[in-house]
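Notes follow once the structure below has been shown.
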Amino acid sequence: MSEETGFTSMAGAKSEDDVPEVGVGMLGYAFMGKAHSHAYKTIPYMMYPPPAIPRLEAIAGRNETAVAEAARRYGYAQYFTDWRAMLEDPAVQLLDNGGPNNLHAEPSILAAQMGKHVLCEKPLGRTADEARAMWEAVEKAGVKHMAAFNYRFVPAIRLIRDLIDQGKLGRIYHFRASYLQEWIMPHYGTPKIWRLDKSVAGSGALGDLGAHIIDLAHYLVGDIKAVGGLTTTFIKERAMEEGGMGVVDVDDAFAAAVEFENGAIGTLESSRFAAGRKNANVFEINAEHATVRFNLERLNELQVFWVGEEPTETQGFHDVLVTESYHPWWENWWPHGHIIGWEHTFAHEISHLLDCIVNDKEVGPHGATFEDGYRCAVVCDAIVESAGTRKFVDIRY
Amino acid sequence: MSEETGFTSMAGAKSEDDVPEVGVGMLGYAFMGKAHSHAYKTIPYMMYPPPAIPRLEAIAGRNETAVAEAARRYGYAQYFTDWRAMLEDPAVQLLDNGGPNNLHAEPSILAAQMGKHVLCEKPLGRTADEARAMWEAVEKAGVKHMAAFNYRFVPAIRLIRDLIDQGKLGRIYHFRASYLQEWIMPHYGTPKIWRLDKSVAGSGALGDLGAHIIDLAHYLVGDIKAVGGLTTTFIKERAMEEGGMGVVDVDDAFAAAVEFENGAIGTLESSRFAAGRKNANVFEINAEHATVRFNLERLNELQVFWVGEEPTETQGFHDVLVTESYHPWWENWWPHGHIIGWEHTFAHEISHLLDCIVNDKEVGPHGATFEDGYRCAVVCDAIVESAGTRKFVDIRY
Amino acid sequence: MSEETGFTSMAGAKSEDDVPEVGVGMLGYAFMGKAHSHAYKTIPYMMYPPPAIPRLEAIAGRNETAVAEAARRYGYAQYFTDWRAMLEDPAVQLLDNGGPNNLHAEPSILAAQMGKHVLCEKPLGRTADEARAMWEAVEKAGVKHMAAFNYRFVPAIRLIRDLIDQGKLGRIYHFRASYLQEWIMPHYGTPKIWRLDKSVAGSGALGDLGAHIIDLAHYLVGDIKAVGGLTTTFIKERAMEEGGMGVVDVDDAFAAAVEFENGAIGTLESSRFAAGRKNANVFEINAEHATVRFNLERLNELQVFWVGEEPTETQGFHDVLVTESYHPWWENWWPHGHIIGWEHTFAHEISHLLDCIVNDKEVGPHGATFEDGYRCAVVCDAIVESAGTRKFVDIRY
Amino acid sequence: MSEETGFTSMAGAKSEDDVPEVGVGMLGYAFMGKAHSHAYKTIPYMMYPPPAIPRLEAIAGRNETAVAEAARRYGYAQYFTDWRAMLEDPAVQLLDNGGPNNLHAEPSILAAQMGKHVLCEKPLGRTADEARAMWEAVEKAGVKHMAAFNYRFVPAIRLIRDLIDQGKLGRIYHFRASYLQEWIMPHYGTPKIWRLDKSVAGSGALGDLGAHIIDLAHYLVGDIKAVGGLTTTFIKERAMEEGGMGVVDVDDAFAAAVEFENGAIGTLESSRFAAGRKNANVFEINAEHATVRFNLERLNELQVFWVGEEPTETQGFHDVLVTESYHPWWENWWPHGHIIGWEHTFAHEISHLLDCIVNDKEVGPHGATFEDGYRCAVVCDAIVESAGTRKFVDIRY
């Protein structure tokens, strides 16, 4: 038992009995609740040997029927309709905050103050100020913290980062990313759900989708120097679930030109009005020695062009199937060519966090910390500001 | 409690307590053992509500250290180094046979005779005769039986079958399939493992990979009338794991022309000597109203060309992302565009089998029965015969 | 013989003798000279029956050896080292200006003043002012004028425009375009050629590549309301062909956020520092009823996603092979699937211009006029201005 | 002037006046007549300097109106409705036989006997016997002869051959090729045209499409040892152009397993009943050090996977844009990324033949000779024989 972490270290574990456990309290049972719960359940035998065994202590949500079913479905020991009550449970050592954006700050901060580690979905806060408060709270509490930018845990993306760290790409000239979806287009008849309400969500496509590509920009390219952006809302009023019409006060899409501290320039863009683009998080990096391109809809693949490759006459973009045993996390999975799904990014992510918790490791640079969540929010805010002032905004993290 | 099935029916279940359980005994802990175990563990919460809860009763394998670790890893209640002992356990209601090919017949037959349901990996038997004996045994015993042709449970492939059943493809003209891998090419330095030993495996690429595409030919096109095939072994001697060299007496590859009862013609081919093809199970059907193409390395996608589509000027192959909630099994998964992995074909497959077991449903036509496994073996044998006689062989199932 | 056009109309032509001829004077013998000459030579028999037969009267260029060889190679009747002298030749009825950018304005204006029609390569002028002067001159002279934005004459792109004109795309939400090349990256060792000299070229990637996508933005989406852009020069000094080093005073790349009058937003970007992107003019339009995507490196193809397409379960991006007899210009070419090359965009373009000349038709909206060339230059200038002022710039054409 | 060739050699030519000319007589004015004529007209300035200038002396065809228009359109000096009369013209030094298959043998043989060089479209003869007679005649006459297998002159395919010749692929394991089209499917309502009449065409998809892939098999892999094939005719009666119904006595499709002398095995297949496959000549070679894949619908591209490539973690199929100046024939074309069309394969092919004619070079191995045409016919006949006897047929060239 480590004095510092409060967990039995796995190093030197002779049997499974020595594998530490981490008690998890889950906030939210919808999309992210399901995805994270799946990860907690598969980590013990797929990310084997696991750094820790997650113990599903409790799940919290407002709708009692739904949260009770979620508890039964995923095997949480208890359920709560009041997240504060859940935090009171000393068995909960890690708060996994998968609630709506307006429930990111308060529970996360309180959990940290109670000495619990925190994993929080993105965007961290609805504004940079909110995100900063969260970061300061977890730092002050000395707990482990992670913003759930799970795409850092796609094997192909981690591979890109590794290539960059090894110096194989050289100077980066461009980063262009667009994250496109379609699910609030007119033919879907989407009402004004919480994601379209500024008071709950903070922003629209920007905070939901744009946050992912901004985080990847930080992770892969580095600090952003300035942004000039536009935002728009194509459908300004939508039916309220409770009847009547409500004003949509978040963006349906944004587009921005971006400049990095290292001199690279590029574009960032996200939209929920891109017909046929179901989950098209696509980015390309043009660098001195290579170009790389990624598309989340084909997340097991990576496109790479190497400058100067031999033989010269067959230079071209490689379509890399990132499924070899030597690729990131693939020692846990299947023989090559047997592709994995989007859901396993969470197994990689949470397994990393558990390792940091029980072995007192740094979450960064590969895991996104609350600081990373804050830095992402700074850029989001700057894009909104730029769209208002019609000026490029210098980034001050 | 159904008199006939011995299980509580789920229909009318008021609570999870009513969901029946099925006790599973797993034979084998390697690749297929891992894949099937993963399915058993995810079905209860991902294929929700599950038709039955699999109870992991026991796992059997020859190497005690390995099987003990597998039991611990996946949570099997017991482990056995003798599969016969495992079958003695009355808690085992379903034998999941993921052992090497020479262990398919005997345990499966014995299990059936003991009244246990059987799921057996492909190829069912090393020969058609062996497969037939297995089929007859399970039929005689009256148990549920399934040959683990899991690619029938890829959503895109089930979608093709559904389109065919709806008459949307019309008359089928061609089926061409190739299943290509690379892992025993010279640069891998593969020794003579069991898969390269005829006495254990029965055949090489033919039974391992070819069996999959032959089963899909049956599932999607129908009865085969005749085949003319070639087989070859590129590396005729390989290092034995116990030292010295051993003769490789199975095929490294086969190629065949095939004729169907419905008049379609085409080709079947598999190889373990196709550089860069990691798991390339690719097939194309050319039919009266459409062409469809599938590639397992992109299993969430389907390519379809529709004859006569409007508007005319944009006719072309569709790249369908088979991830919509209305696509087969997708109500269990994620929002569209968040792709799933190869491993979940087993969740679909085994969930189907559990449903058949507890609700006394037919495994076919969508699940492959032992009869399907036998029919596949007949075609495999005919290809081998044709390669020897240099004549086309008429298929007599 | 038409009084107005000075050419025999083809309408009612009974024999080839009735097909009018247009005397061509070509300025420039390098890349564009070659491409245009090829078009003049193939139009008579490939765009059959041709609206007019181009008569290759003269070619002008500074290097006598080179221009003499070009004349011999392509069959121009005469060559000139002084373009003014060429314009004096009354047999030259159409000036085809394929010279460097600093030779666009003066010869084009003089030719127009002499009553000659003018086809001028892009960018029309080095600045919007220069382009406006050119436009005013040709309008005043009453001659036909065309800016050689040849990508409007790619069958797939014309098809997009036709679909838009038919209302099939509905409201346009986004336009994102990037035109990427790689040929001045460090590994090419490119010296400071004229395209890298502001006094000759006006701008770099912006005017060379960006002009194409800005023109397509105008052609396909409509007027631009505002732009916010960044430009950069990665290699600030290069070897001069005459020895020593010279400052590169044009952009190597630009990136911009763009807003259209119709409410669409998007991004525009071009670079000569994108490894592996040989000629990647790629754009995507997300609209109410469809998304379309085009890539010049696969110019015979078009990707289209239709909202609401039946059957629902096979919705997906179509990969349209734009090679059917009913596709734009394809009645001139081959059976479907036998793809055509980039060079034939010029046959389509120039054939259109010849038709306008001899039959006194409007060059627009499908051909780009000098007005279109000017409008493009306005946007280029605005991007440069924005990059300097760090503010979004409202477009005033 | 060479005594042997009767042409002025280009080597040492000081001016264009020294470039020899070759008088061409064209038989046929339809699809192939158009494609070849285009090549004759572009060679002089695109394949620069040309080995010889083709002089378009005459064109022959049965329909006087059509052949007269063709002569005018392409600039042939004369036209003939009797090909024998054309051959009498001493100005015709090269017979380009683009007539229907039943007009391949007699005119080609007669032309050779008159001392004229012969370029003949594929398939060379309707049977191997007919093809052999043609080969013997041209050999006896000592003229240059070429079978128009133009796909050998696709840059990507020549690149594959070059890689093979350099030993870069190593031992070849597999060749699988399918050439698929769709233009006689039910929805086209195609009548019984000459291509569907055995007495004229010899065979159907086999001789038309299959001949191309068999020739490529010979060119890229080597001698074929045996084939086992199936043929079929889906629509057995079609409307005659002159009224009434006629029996279709050629194959609509074939499928074959193939064995090569070097030990490779694979499949060959062609069909005119593959919906959406417009001109899909697709083949893949799996070899010891690489896999290569080609698709004629994207003829400027080549897919290559290299075994053992560094860095290991980005191994994958390269999508090579075969448009670099160092790629075969590309010094004649455009800057990279500006793709060329299908039609230019003929410019490459015929330019090669002209070079062989005027400089007395060998047409092979890169050009297909009549011997190659014969060898191809042997394999076609063997596939037909196999389909009848239901036995594999050993190839005896």
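Observations, loosely collected:
Just so it is clear, A, B, C and D label the chains in written order, and each chain counts residues from 1 on its own.
The definition used in the following text is that contacts are C-beta pairs under 8 Å (C-beta built on N, C-alpha and C of every residue); 3 or more make two chains touch, one makes a residue touch a chain.
Here the structure is a predicted model, which is why all the values come from computation and not from measurement.
Ranking every chain by how far its Cα centroid lies from the centroid of chain B, the top place goes to C.
Compared on C-beta pairs in contact, B-C and A-C come out with A-C as the pair having more. By the residue-number overlap criterion, the interface of chain A with chain D counts as same, with over half of its numbers used by both chains.
For this pair, chain C with chain D, the centres built from the Cα atoms lie 35 Å apart. With centres taken as mean Cα positions, chain C sits 55 Å from chain B. Between the Cα centres of chain A and chain C there is a gap of 43 Å.
Residues of chain D in contact with two or more other chains: 277, 315-317, 321.
Chain B meets chain A in the complex at residues 16, 31, 35, 37-38, 41-42, 45-46, 48, 72-75, 181, 183, 277-280, 296-300, 321, 323, 333-344. Interface residues of chain C facing chain A in the complex, by the touch rule stated above, are 171, 173-174, 176, 178, 180, 185-187, 226, 228-232, 234, 253-259, 263, 265-267, 269, 271, 273-277, 286-291, 305, 307-308, 315-317, 386, 390-392. Across the complex, chain A meets chain D through its residues 159, 162-163, 168, 302, 304, 306, 311-321, 324, 326-327.
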